[in-house]
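After this come two complexes, each holding subunit A, first together with subunit B and then together with subunit C.
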Partner chain A sequence: MAYVATRGGARAIEQSQRLFRAEMGTITPERVAEVRRALPYLVDRVMGEASLYDADLAALALAQTGGELHEAVLLLRAWRTTQPRLTVADPVLQQDLFTHRRISAAFKDIPGGQILGPTLDYSHRILMTEVLSGAAQTPDPVDAAAISAPAQHPSVAAWQAENGLLSAAEPDTRCGNDIPDITREPLLFPAQRAHRLQSLARADTGGVLALGYAAQRGYGQAHPTVNELRLAEAEVIVQHPRGTRFSAGRVKVSQAEVVAKTGSDLRLGFAATLGWNEVKVIAAATLDLNAKGAPKGSATEEEFFLYHTEGVEASGFCIHFKLPHYVTFQSSLDAMRDAKARDQAKNQARAAETAQATREAEPTP
Partner chain B sequence: MSLKSLTRDWQPMSFGFLDASAKREIRRTSLKAIAVPGCQIPYASREVPMARGWGTGGLQVSCTLITPRTRIKVIDQGADDSVNAASIRRFLARVSGAPTTMDTLEADLIQSRHRIPEEVLQDHQVLVLQVPNPEPLRPVEPNMSLARQMHADADYGRMWLQLYEQIVRSGRVMQGASYPSLVNGRYVMTPSPIPRWDVPKLHMARHLTLLSAGREKRLFAVPPFTRVEPLVFEDVPYRVEDHAGLSCARSGARGFFMNEIPQADGSSSYEISDSELGVKSIRQRDNETVTIGDTWYKNGEMAG
Partner chain C sequence: MTQSPPAGAAPQTLPDWPHGDMLSILARSDADRLKALAEPLIAKLPDITVLENRTGLVMLPMRDSAQGTHFHLGEVLMSEARISAQSQEAYGMRRGRDLEAAMAMAVIDLAVAIGIEPDAISAFLHQEAAAQSQADRATLARVEATRVDMETF
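Let's turn to the complex of A and B:
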């Protein structure tokens, strides 16, 4: 009776949570600070999926859930729900981003240059097992470049648009509270572009990767070329009630532009998210690229991929199957048993009929 | 008069958890849903501190309707003491200070997953059903956008065809719970996965039923005194689960929806699914004074 406890539901719940938390021990501010310092990419991923930029809260969510990612994202989203909306920041423009890393696969070199920035792309994936035997690994200091890269860059797509290679999307001029907001409005289809990009920005990294990869591998119509991948920091410019515009701080952002040839034009797919998460934005931009004209119900059609990459909804529904379902099960059993009984009765009647017919056909001695 | 006297002190959490804008949206959506019975109204569906699929839709409606005086009852599979029901009840009480009850007769607001209590609900009571999948057309049309268009056109041909095919293949309609039903002669809705036993309780009921799917972001309603008719063919009548003749092994109650408990000897024993009615029946048997309300089913038959 531990599952649907007789009258002890509340106590059982309490004890099950204690069991879960016992394994993680005491959560201290130091632990939270260490999670934030040691796992910036995990913190970024969680902030992106939660659509809430606060590294301390994200680290706390990770510490509190023992790294159960979907739980951590849900904690942050539930916290986000309760927060007042003070103001809407100015749009972030690509050319204003403080850029750390920016690469293009479409051209050997691009205006502003290829900037490798922080990456493990060309590292050899060898475990530092010596750390376990006591040899701490301190990274070698970074040598500054002779000429430092410019902090700001125009987008590659802007150059292509200038050269008539790409028809840029119509800019959405809505601003402030008129900007569609997926967290305050239902998602309906065909989705507004703002809703689609917001959903992708909040989407589960694994989910977006799975469907984006499917599109890349051949289930999509368009093969993406990474026009530009960028890791940057964006100023959050807001207006003070007295009228002054000021930066409330910087947030890390990632964005990807992917392009594919359609007829004599390039088609652009775009994605951006809070935090640095390259796999997610490349996969998400691939989905955006493929969405136009995708057959209804295919994995590259927006209704399909937006619903199924929503990590909080997907994980919640998946684990809800643990809840008791014995009423619905009982209801199905009832229909099943009745159908079986009818089937049996029919077979018996048929057998009896056949026996009767055989008897009648036999010649009488 | 000072500003302080006009405002409330800052609190870390809003009354009923949701902020005023979220509640306003739910209220507006509920009113629309009541105005167009059975029609699924989309809403934003905020994240709440519970996993999606665990009653977040019902919870948002309850959080919106609750006042400090609302007496709340929460059941899951008919049981007040199921762990998730206990968790939701505790949450609602915690964010509102509202009193809780297990007695259907005492409750003002009943949040339920998969069951409607056996005692008749009255016009001052509101039933909030948690809905995993609000779309009755899902088996024939998995795309929400296309299904929405089909509802707009009252295009239910494929739904009928599906029921017909079940009869042809299996000799009967094989739908278990969530039996598709026509509301007010216009919209086909899923009554949420309540058993077929419970669907007739919605027809011309005195109480308001709000059905809310948090993950799928849809809310619909059956207002009081509204027709709810299960989709059936004229010559194949609607059949509820064959539970009329079963009796509860613990309370002796008979003629209600039962949980089947498999026994080690290969047989089955039965327990009444509406747990509080079971408790009342046991107490009545033990000669305690209890009030059992009027029930929808009498001797296993739905009262006409």
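Let's turn to the complex of A and C:
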């Protein structure tokens, strides 16, 4: 493929950007704050895909792009490159999460019980059209329980391992900068598991859902059951210069384990992301579960799903096709015209030969 | 007011507050209240050298519960401040882009290390810890209301 630099159109480009932004009007701190307050799940999705946790910046990116998600994620990924990395926090452990929602579709009596947390899973999907007629809808307050739920819950997988249903996971000993990092290393295949899980953590939600759904519908090797799904907050544990470890704050995280039976064993798939986005982690865990032994080029093959769910690269490649390709397209036209001319010449030669043969075959009077 | 220790002395701590607990509470404290506590401490501290006051990213890893692998979830925007005085190094790190709040945290950390206003700082920590615990309890009481007994479905 060949590209060519183009000139001209600076005024049109400037005006086109003004036209795009004119529809959104003035961006104010109040608007950004309102986006953050009113659309927490969209803000979470953008933070997860951008791999940058800051709700104010994510809300600003959404306000600045008019909610064009790929542009918003790209803005945040670009902004991230302006910042130094201060440190790597301690690894978050499932059993330490400050848990808001924790359910299992595999076992109803999991240790610690099932807590629905914030969800619309069992709601009627009815659009509140009365709001458009001026009737504001204020949600009914939660009737808080007399006692508080425990902040931490035990791991379902650990409980399964104790009961011989799973092999206990061997904890990684790598910490800090020893943990593989795809923001600093190339993604090579077969990918290191740390690269696979990091890629899924920052993957495009729609892309992961499409491929995970394909696997769930039967285009994969294993049908998932949600072993454990959590929406939680994780402490960001960092180190003081004197060596003291402390929490510099909490961030929202989602994590899902899915389980499938293979022979006489159970096998787990896992995924997690920044922010609360349970569709993404269930779909991503399904891909993790199905990756082993997946046929080359299938939706569940690691290389296929990791390359095609990287939202910034995918959207960038997709939209680049609308940028000037005049030379490449002209070249295609030239080749097409040449082929047509050759075909035409061949056809004419064939017709002439046929006419000649016909004349020669006609009986002489 | 407590007498400042000589330069090079070991950093002091508050009797009721292990250093890590203190820092965790300060990192989560209300920014305005934190700054209000730190502001008057500055005048009581010896000359402060600001080593760092910036925003940056902290990479957050997680342990995969299926196979135990550590992997990176993504980066968290933080503000940090690193200051020193009388050979004591102090530090503040908080989520977000509030450099003043990170500096206020570092100032309080420095004040504790040098022994400035320990009672006032301890009282602040008690107040903030109570507020944070109350907020957590309230959240978890609302979460508990969603506990489900599958037998009743």
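What we mean here is this: the second predicted complex is superposed on the first by the 351 of 365 C-alpha atoms of A that agree within 3 Å, B and C clash if a C-alpha of one lies under 4 Å from a C-alpha of the other, contacts with A are read in each partner's own complex, and residues count from 1 in each chain.
Going forward, a residue touches a chain if its C-beta (ideal position, glycine included) is under 8 Å from a C-beta of that chain, and two chains touch if they have at least 3 such contacts.
The structure displayed is predicted, hence computed values, not measured ones.
Trainee: A:V142 in the overlay: touching subunit B, subunit C, both, or neither? Say first, second, both or neither.
Mentor: The second partner, subunit C, only.
Trainee: Touching A:E257, do we find subunit B (first), subunit C (second), both, or neither?
Mentor: So A:E257 only meets subunit C here.
Trainee: Mind working out whether A:P84 is in touch with subunit B, subunit C, both or neither, as first, second, both or neither?
Mentor: both
Trainee: Using the touch definition from the top, say if A:Q94 reaches subunit B (first), subunit C (second), both or neither.
Mentor: Second partner only.
Trainee: Which holds for A:A335: it touches subunit B only (first), subunit C only (second), both, or neither?
Mentor: first
Trainee: Looking at A:A106, would you say it contacts subunit B, subunit C, both, or neither? Reply first, second, both or neither.
Mentor: Neither: A:A106 stays clear of subunit B and subunit C.
Trainee: Specify the partner with more touching residues on subunit A, choosing between subunit B and subunit C.
Mentor: Counting residues of subunit A touched by each partner, the higher count goes to C.
Trainee: Take the contacts of subunit A with subunit B and those with subunit C, and give the residues found in both.
Mentor: Shared contact residues on subunit A: 80, 84, 183.
Trainee: What residues of subunit A sit close enough to touch subunit B in their complex?
Mentor: For this pair, the touching residues of subunit A are 3-10, 12-13, 74-75, 77-78, 80-82, 84, 183-190, 296-297, 303-304, 307, 312-313, 315-320, 323-336, 338-339, 342-343, 346.
Trainee: Going by the contact rule at the top, pick out the subunit A residues touching subunit C in the complex.
Mentor: My answer: residues 47-48, 50-54, 56-57, 80, 83-94, 98-101, 108-109, 113-119, 142-151, 155, 157-158, 169-172, 174-175, 179-183, 193-198, 201-202, 228, 234-236, 238, 240-242, 244-251, 253, 255, 257, 268-270, 272-274, 288.
Trainee: Which residues, counting only subunit C, touch subunit A once they are in their complex?
Mentor: Against subunit A, subunit C makes touches at 11, 19-24, 27-28, 54-78, 80, 82, 89, 91, 93-97, 109, 136-151.
Trainee: Note which residues of subunit B are touching subunit A in the complex, please.
Mentor: For this pair, the touching residues of subunit B are 13-14, 17-19, 21-22, 25, 42-54, 56, 76-79, 81-87, 90, 113-115, 132, 142-146, 170-178, 193-197, 215, 217, 241-243, 257-260, 273.
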